[in-house]
Every structure is written in structure tokens, then in C-alpha cells.
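Comments concern the structure below.
Should a chain be cited, it is by its letter among A, B, C and D, assigned in written order, with residues numbered from 1 in that chain.
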Amino acid sequence: MIWGTKVRLTVFGESHGPAIGAVLEGLPAGEVLDRDAVAAQMARRAPGRDRSATPRKETDEPEILSGLLGDRTTGAPLCAVIRNAGAHSGDYDGLKSVPRPGHADYTARVRYGGYNDVRGGGIFSGRLTAPLVFAGAVCRQILKRRGVSIGAHVLSVHGVSDGPFDPVKISGPLLDELSSRYFPTVSPEAEQKMRAGIESARQRGDSVGGVVECAAAGVPAGAGGPLSDGAESVFASLLFGIPACKGVEFGAGFAAAELFGSENNDPFYFDETGTVRTRTNRAGGILGGITTGMPVVFRAAFKPTPSIALPQESVDFSTGTSARLVVRGRHDPCIVPRAVPAVEAAAALALINLL
Amino acid sequence: MIWGTKVRLTVFGESHGPAIGAVLEGLPAGEVLDRDAVAAQMARRAPGRDRSATPRKETDEPEILSGLLGDRTTGAPLCAVIRNAGAHSGDYDGLKSVPRPGHADYTARVRYGGYNDVRGGGIFSGRLTAPLVFAGAVCRQILKRRGVSIGAHVLSVHGVSDGPFDPVKISGPLLDELSSRYFPTVSPEAEQKMRAGIESARQRGDSVGGVVECAAAGVPAGAGGPLSDGAESVFASLLFGIPACKGVEFGAGFAAAELFGSENNDPFYFDETGTVRTRTNRAGGILGGITTGMPVVFRAAFKPTPSIALPQESVDFSTGTSARLVVRGRHDPCIVPRAVPAVEAAAALALINLL
Amino acid sequence: MIWGTKVRLTVFGESHGPAIGAVLEGLPAGEVLDRDAVAAQMARRAPGRDRSATPRKETDEPEILSGLLGDRTTGAPLCAVIRNAGAHSGDYDGLKSVPRPGHADYTARVRYGGYNDVRGGGIFSGRLTAPLVFAGAVCRQILKRRGVSIGAHVLSVHGVSDGPFDPVKISGPLLDELSSRYFPTVSPEAEQKMRAGIESARQRGDSVGGVVECAAAGVPAGAGGPLSDGAESVFASLLFGIPACKGVEFGAGFAAAELFGSENNDPFYFDETGTVRTRTNRAGGILGGITTGMPVVFRAAFKPTPSIALPQESVDFSTGTSARLVVRGRHDPCIVPRAVPAVEAAAALALINLL
Amino acid sequence: MIWGTKVRLTVFGESHGPAIGAVLEGLPAGEVLDRDAVAAQMARRAPGRDRSATPRKETDEPEILSGLLGDRTTGAPLCAVIRNAGAHSGDYDGLKSVPRPGHADYTARVRYGGYNDVRGGGIFSGRLTAPLVFAGAVCRQILKRRGVSIGAHVLSVHGVSDGPFDPVKISGPLLDELSSRYFPTVSPEAEQKMRAGIESARQRGDSVGGVVECAAAGVPAGAGGPLSDGAESVFASLLFGIPACKGVEFGAGFAAAELFGSENNDPFYFDETGTVRTRTNRAGGILGGITTGMPVVFRAAFKPTPSIALPQESVDFSTGTSARLVVRGRHDPCIVPRAVPAVEAAAALALINLL
């Protein structure tokens, strides 16, 4: 729950408790914070944006308690609190004895001896990405001032693909544009097909997953280090903290395992300004755990939402017998679009720690 | 270079310096250390095991300097040093000005202002996995005494697949057997085909990559935590520290993004002993960042060895012009079999920190 | 601002910002929290307790935002927020250009490039001990259930001494009693004389300092470790974080430097239960950084409050000249009594991390 | 055993094991390392320097295994190993059952379940300051190049005082001179009297303690931070890791508790170069945990060597009865002179982390 070395993020809160929030420590002093830009990122993550998403209303207005004077950071830890509201705790009454498949209900029960707050998933709720998105929204403004743009798109949902980024040509303006949208895809057709697939799953009481592809442009060469200090480790340790993330790959990633070295190696050249660049970017902008100066490109796979309306097989701890579970309440049939700002936020936090 | 919270690993050394090594802190006192078992793991990682691998001879005998009295841990930091020998530093003379594509030569030059030890890749060398394998060999003995077995196989090399583990039925004895072998595959035919593919690449002066699949059996439910304290984050932060690792996925991983929730959710049931288990194990033994008690299963993708004999395009910093590079010296055409014990070692370190 | 390894404390807030607070991570789940006992500790630290103390009213009611369900910890981070109120920010208007001697005004200006919140001392305010006292109040309840009592007294104020604890016989009940009082001394006369000295300093527009002596009874032997993992390091790193603390010593401390080894060594013996104890306790319950099972005893020295009414020499950054400063507002002429619960809280956090 | 945030020190080894050593991580690349200067610091700490000190001969030659190429740091972790030699392990045979008063024998037995290496004190030996002195010797060279000088003197031994530093006027050249000597005092008479006192204690089979006062000149203003990020916390957490250190104070320290605020506050003024300075330096160069630009001054109290020839009362675990212990072997009757380079080394490590 505490992450980072230079800029450290502490996340707290439970889905149906009084509030959730974040403390960001180690930010430089004197940085201007655009609260509207923060709110825009929060809104991308908030539920209730469209028909296919969850109807639960959350305002998700962060109240900043410290670290800001006027519109500038003071250098003290920046704490923001987001109140929880509109929760229907009654929906979760049975979960204490019958764990939902694919959820943390069972594992949290073992881990915390049954004392964890099971309502809404407690600290395992996707709602806990809100503090992460807040923190990322702060960090990306600081990075932007240093020329770094971060953006992501929904690369695929249940087999429908948007087509991957061009890892050499991906540019700041395109990333900025994507990072202002709710369901960002490069191709409008891909978005339509994905939405149709999600709606179809919803109608059947089922859910779908997908892959988010994220890039950062303007990252200078030389950030990172060897072994577990490497950029991949820094990114991945935070990305896997986003609920439902089950895979992370950089550059060519798993596909690199299928290539010859002569295909996978990115040839170096001097561009017209004398800067070293690579003709291809299968490394995803990272060699030896250190940034190359080419765009950083990675993908994160998200499993389908485990909360589905279809009946499922589970166990009942109160009776010690098997149980048939029907999850009530209304749930996102696909969390991938809302995972996009969380992935970008994780990238912002990783980069501000690396730079 | 320092990793872990409860059992912490510090790795040091450069490929062609006097020695490399590891300090393991936080081990329980009084644990018996079987040095032969450690040596067996070191031998799996050492080069020169077969024709298709590198002919450079390394004895890789770890000298334990502290933390051990007789054959038992004292509770003090355990430091092991492995001397470097047999290096042909002359092979690397030109690399200071002409960086090898796919290597850390260029990025390390930027990161360290040109002061890094470029010989043999310095601290970015695959040789630095030797201290990791040492540390893992120590930890896995302690885990084994608590009923945890760790093993991996070469899942694929350049498109030839061994077939994935059965994530429900994978057992300790099979994992123990695999973890005693140099080129572990479940299917002997797969090994033969993979070796043929590697040899073919070697003859063309090229290289190939592959995927390692690793499992741990006997891991109790309840280890890990939410967000960045999650088991996936702990594993991934160390796995991505293994040179050439570009992707990590748990359970169904990227394939989960293609499934429906009703397919991906693992149904719970009580087994005959009253223990909660899941009928499938698409979660890879981890839900909400916490172990489920089912086998932990993950895959790590390794890119093809960047050192290839074929001529490559690069830049020359001494002249400021483009350059054609031919990497001399003999290099592994495929590091995947030698990455297997490193992946298992990372798993052992991750698990001892989680448990 | 983040401290600890097993139970970690993150403190945030500035004296005149919206709120201050704490996040406590790593607490065991299922621990009952007595909120009245927490409030009692908060009240000991709060200003306005008596004539000789500051008249600024602070309610200091912590709102718990997470980590608690009913009256039990959930295992998730426990966040508490304390609203700031009643601040007279106008009192600090001139401080931005004329730093107060003995305060962090000048050093914070350099450290944060002038962007720090100077009002009320910002993050350097003694008010930031409120989150520490909150955190300590939580931890001491958990420790108490394991038999550990923590208490402190005002050992001295400006030369008036209460007489030191008997480091061998100091008992849980006495410590519990002391830790329920606002101006705890063993001798009522000492308290009266100290209060008289404080009042006398106040009337002259001056301030005084003092020493807090703290003990913990019931600490089992075997907690801590060598070198910087030692108990003294753990305690001291947090104690020196309390504003105005300029010295820390354990057991005989500086006086040990004046003793012969034959005097300072504490002889071991078996008590009637077969437990190893020492006849004296000059070690303050810690040998080699590890607890001995005897009471842990240490002292922390606090400098006199730097905010005094007497005119002082300073500099004016707006004019670049020397300046005569008269600090307005009403300030504690002695913060030592209010430092007592902060010292006890630091001890509680140190012990919960060591045990 | 792992300390630091930016430059991290890992110490390993046991007194009578094969070797002790240190890993320093996070050093800047390209720094020239003067090995003779390192050896000079190691020699100050090594035993056998004069009649009054221990006759055990230790060469204490550090072998650098990594992080150095030629005479420059590479940016990779710098590991140095110091072989143990000349130990008479037989001297410690009885200690396993009869713990020495004032030593870690008993507490380590509890902490490590009896598996710790008791020979020579194992990891609790004063010998473990050798890696610290090595690390400090590296860091002080880097600091020196940035204008920071560190030096200490024996302020007192068993009541004989050298007189404190002038905390305002203490200068780099004096500190440099002191840090080149074995038994540094400002007054030659003080040294003579101290040596006489030590010799007298030695002849009686007893030992004495003392206080080391250390200063750093040339430290710029603005290093450190609030609460537990404060400079005092950083220094103290490492100083208390030096065996036998039982007290640490900064500036006026415990004496500040006896002063009025009007006496203790250091008035600010602009010097002729327009730099802010203070007329006095009771703060010891630190306000609010942040350096003021004035010399940093602190004192560390060391208890008398617990190993004395006089018979002592202890317990015998093999018989469960009380025991009379006579410590054999030859031991320093006063470790204070040899603690001086360790204190300076801790200061160097603290400062390189703060700057």
C-alpha cells in the first residue's frame, strides 16, 4: 500500500467505508496543480459514464488536505481524500459466507482472519484505483512540464483489436488526445465493436476483459538501472497492483520470444539532431532496465470482471457445503475502459520515480 | 539492486570484475543449508553445459563469507561471493564506442556518464543471475521444509511449445524433478525440437528467445495483500530484474483478456479434507494479490540473446557516424534454458517474502 | 514522513492547512480499538489544558476514514484525519521574510525554495505530533493486550528534576497511571516547581525546555537486531522526528561514559521463575540492539520553545538587512508536558515494529 | 543491516567467520577513489595501535570486488570484503552457556534461538565497524570534493574532557587534521590524561567509556526534512548502530533543556557575502531537521567496554544456576579512540544521503 522510492504513494480506504484517499510524498515544491485537469482524470475513471457501464453514481471529488498552498505544491506530503457515497451495502450481505469466484473474498478472509471489510470488496475494490488516478493526475502534470506525455488506448476487448501503437512514431499530441477520452481507441470502428461486445456480454449476464496499451513519449534516455532497479520492475510492481491485471509486457513482450535476435534487436542510428535513436522499438523504450529515449510502450492484460449475474458454483462457510451464488447489484460488464486512466496513472508514478 | 522486505537480497558485481555476489538478510536462524543442493542449482545456470550453449567456462563456486556456522544459518546476513574467471576482456574493446543493439551498452553509457564497466556487459550481464540463483537455492530449501516445491520448464523456444502445465494438477514431485534438470521440458520431443531450433539459429549467427513457465505447489492460502503489496507485484518486480525478461503473466494472463467472466472465474469447492479449492485455476493461484492455496503459476517471456554474430547497424560515438557492428566472442544463441533456474530462484525469493 | 518496516506510519498535514492526519499500515486485523482511550491520549497532547499552556483551542478529534469496521481493525491501512481550526494565520504574515530564530522558517525556505507553507510552521509545527499521538494510541492498545505498558514523566524542566525512574523496578501500573495524566511527574512537588518555573518564564516573555523520561515494562527479551537494525536506532529515528528533540539516550546513556565497565555491566541472574534478569539496568533494557526483558528506559531532551515574546535578532529577506523580530501570537512557554504523549507514542510505534 | 535511502549500505559478516564486508549502493559514477586514504581510515579503527589498546593484530585490508574500474566508481554497487584472521576462537568457548554481562550474548541467544555465531561476539562485535569505516572513507572523499569536511575528537574519557568544539568557528582544516589521527584530541594534555586513565583501568582489569564529538563543516543549508526525515533521525539511526553507543545529542543537546529560549535560539545575520549565518550554533547546524549551513555538531556517548578481566556475576544455561564469569582474552579497556573513525564514517554516510 506504500509504493515508490523518490515519490512515494500511500493508498488507503475501503469501498464502503467513510472515504478512500492517497498521500503523495516527495513531490517537488512549487509545482502548479491544475485541479480541473485532475478532475478530468478522475471523471475518466468514475463509473456511470455510459449505458454499458455501472449505474452506481460516484462524484469522486478529491479534497486536498495538505501539501498545496493556493495552486502550488509546498513540498509537504499531498493528501487527498475521496468520500464514499451511494453504496448499497445490503447487496453484499451474503458475501461474508459465500465467496465470489474470481474475487478476493476468499483470500482476504484467510489473510485477515475474517476481519476484513467485505462490503464492496473492501480494499480489494476497483474503487481503490481512484486514489491512484488522483496521484497519477498530479504526477503527469509535473512530467508534462518536462516534456513527457502519457496516453493509453483500449488495445483489445474480448478479441476485438484497435491495432497496436506504432512504437517508433507514437507522438505526444496523440497520447495527450487519448488521455482526455473515456473509451480511447485509435480507430472509431474498434470502439463501436468493443462496445457492442460489452453490451452483448452484459445482456447475457456475463463480462469480458481486455488489454490496455500505454505509451510515454518524451522520456529521456538514461532513467532506470540494473536488475530489480530496472524500469520494467518499477512499472510492473505498480501495474500488477491494479485490480484484475494479470499480465504485463514491454515492447514486443511475449512476441519477442518468437523472434530471431536479428529481428528483435533495434538498430541504432543518429537522427538529424545527433540524438541516438533506434529504427525499430521492439525494446519498448527500455534496454537493460534503462530508458533508451524512444517511446516507452507496454501492455497490461485485464481479466473479465468477476462479478457476473450468471449463477456460479461456490462454497458456503456458514454451512460448510457447496453453494450456488448469484451476484446481485449492478456491475461493470467490462472494466477495461476505466482501467485506462489507472494504467496511465501507474505509468506517471513509475516515470516520476525513474526520472 | 536491493530487493525484498522480510528477506532482502543485495546483489553486487560486474561480469569482468574480481567477483560477483549476494547478501541475503532476514533469513531465519538455525536453517540447515545443503551446499550440494546449492551447487546443483548453480550448475544449472552456469554456461558451458552443452554444445548449443556458450563454451566460456565458469566454475561459479560460491564462497560463503558470513551467516553460516557449520551447516546452519546464524540469522546474520548470508554473504556469498563468486569469483570471475576465464573472461576475455579483449573481446569487448570496441564496445565502448559502438553499442550493441538490444544491449544495455548505450543506455548504461547515458545512465553512468560512460563510467560503467562495459566489459562483458558489466552489471547488466546475464552473469548477474548467478547471485540470484544462489539466493534462490538457499530460500527454496527453507520453503521445501515448509512443503513448498518450485519448478519450471521451457514452455516454448521460437515457436516450439512444450505444452503448458496443468495449473490444477501440477504436483510437487514433478516440479522437484524439473528443477533438477538443465533443459527441463515435460515432453522429451519438445526439448529435442527446441535444441534443434537453437542449433540452427546458432549456425546462422542468429539467436532465439522463449518463454519459461514456473509453478509453485504447496503454497498456503492467504499470502500477499492488496494493491502493490500483491503477490503478482512481488513476483514481477524481481522477474523483470532478470536480464532479457520482457513479459510476465499469471494464470491465464493475457489469454484471460479473451475469456468471458463465466469462463475465467474459478469455481470454489470443498475438497474431501474440507479445504477450499478451485475447479480450474485461471487465477494462477492468486486472487486479489493473495494466494488461493492452488498452485501459483506464471510465465516469463525472454527475448532472443542480443549478442549475435550477424552484422548489425549501430552508431560510433568516437566518430559520430553510423557503424556496422559484428559482435565477436562466443555467445549463447538462446539463454532460455539458463534462465529457468533464475526464474525459479526469483519465485523462491518472492515466496519467502510473502510467507 | 514514512516510518517503520512492519507497521508503517505516514504523517501528512500542515498546521494551518485544511487538516493533518496519519495512515497506519500493517496493523494486525481484528484488534479492538477503544476510541475513548485514543481520545484521552489526543487530549493529553492538545493545547489549552492549563493556564501555563497555549490558549489556542483545538478539538483534535480524529476522524477514522479506513481500516476500522465497527470497533475492530480490518487489516487495511488505518487513516485518521484531524481538521485544523481556530488558527490565526494573520499572526504569521511577517514570517515569510523574517525567519524566527530556532525555528525551521529559514531552513524550510531553502529546502523548498520558498514554496513551503510557513503559516504556523507548516509541516514543522508541533501540531504534527497529533497524528503521531493518534498512531501511538492505537499501537499501545495492541501492545497492552500483549502485556506491554508504556509511560513517561517529565524528568526535568529547566533544572527542576522529578528524579529518574528506578530502571529495575519500574512497573506497568505506575506507567499506566503516568500515561493517563497531562503533566506527569512521580513527585507532586516537582510538578509544582516546574509549573512555577514555566509560568515565570512566560511572564518574562521567555521559554524553557526539559527532558522526558520514558519506560516500557513487559517487553519480552529478543526484540531488535544488530547494527542499524538495533532497538536504539528504531526508537531514536522516530524520537528525533518529534520537533524540538535534540538528544536521546538509553539506560545510563551519557552517564555510562563516566562509569567503569565493572559498574556499568548489569549482572545476570535467574529469578524465581527461572527467567534471566539483571540486577541493575544501566543498559536500559537493550544489549546489542536487542531487548533484554528488563524495562526499556530512555530519555529525550527538548529544547525551549523557540517562539518567545522577547525581541530577537534576525534577517529580513525582503530588504536584505538585519531585522529585529518580535514573535506575536500566544505560544507555549514549555512544550515538554505536551511532548510526553508524543514520546510515549514514538515508543509504542518503535515497540510494535520491534515485536 | 541495510541502511540509507539514496546511498545504501549493507553490512555483513561475523567476527570469527571467514570475512566481513560492506556493499555500498547508489554512489555516483565516475568518482575517483583514493585507496590510500581509505586504508588510512581503516588503520585508525584497526586494533593494536598502541600499548593501551588491544594486542590482537588485524590487517583489515579491504578487497574491492565490484563497483570500481581503475580508480573510479562505475555506479554499480561497491562491495568490499575484509578477511578475518588471527582470531583465537578458543577464548570464547564457554560463552555459549555463560553470557557476558553488558554484551549481546544473552539477547542474541534469545533472538536467534541459540544459532547465532557467539565467537568474538559474532555480528555484534565491534569488528563490524570496519565495513562502516570503509564505507565512510569512500563517502567522505566524495563529500570532500563538494567542500564538506568531517572530523571528530575524543571529547571525554571517564571524566577527563578535551573541551567541546566551538560550534561556530570549527573549520574544515582542523577537522581534516583530526580525522587523520588515531587518538584525536584538541588538547595534547587531555590525550595524555585520558591515556593514563585508560591504562589505569586496564591494570585493574576494568574498562572505561567516553564521548565522541563530531562536526561537519561546509554542509550547505537545506538538507533534510521534517519529522522522521530529519537530519537528526538520519544521523542517529546509524550512530546507534555502532556497538556501545548509548546516547546521541545535537548542538546543545541535553544542555539545551536547561537553557531559556532566549539563550538557546541562535540569532540570524547576513555575513559579508550575504549568506545567512547564526551568531551562536546551539542548534548544531540543524533546525526543523534541515541543515542551516552552520557546522553540524553532535556527540555520541559510548559505554565502557563490557569485556573486563574482573570476575562478574552471570548465569549458566547449561546448569541453570548462577555463575561467576572471568572473561579471558585481551580486550580494549576503552574503545572510544577506535570509535572515532566509526562516528565520522556514520556522519559521512548520513551526509551523503542528506545531500
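Everything below uses one rule, namely that contacts are C-beta pairs under 8 Å (C-beta built on N, C-alpha and C of every residue); 3 or more make two chains touch, one makes a residue touch a chain.
Values in this document were obtained by computation on a predicted structure and should not be read as measured data.
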Fill in: Chain pair showing more contacts of the two, A-B and A-D
A-B
Discussion item. Report the chain whose CA-based centre is farthest from the CA-based centre of subunit B.
Written reply: C
Worksheet item: Just how far, in Å, is the C-alpha centre of subunit D from the one of subunit A?
Response: 46
Response to the item:
Whole-angstrom distance, CA centroid of subunit B to CA centroid of subunit D, is 39
Fill in: Centroid distance [mean C-alpha coordinates] between subunit B and subunit A, Å
26
Worksheet entry | Residues of subunit D whose C-beta touches two or more other chains | 1-2, 11, 76, 111, 123, 226
Worksheet entry | Touch list for subunit C against partner subunit A, complex | 1-2, 8, 10-14, 17-21, 23, 25, 29-30, 63-69, 72-79, 81, 111-117, 122-123
Worksheet item: Of all residues in subunit A, which touch subunit D in the complex?
Response: 5, 76, 226
Worksheet item: Which residues, counting only subunit C, touch subunit D once they are in their complex?
Response: 1-3, 11, 99, 101-104, 106-108, 110-111, 123-124, 128, 156-159, 201, 206-211, 221-230, 232-234, 236-238, 240-241, 243, 245-254, 256-270, 274, 276, 278-279, 282-284, 286-293, 299, 301-308, 310, 312-315, 320-322, 333
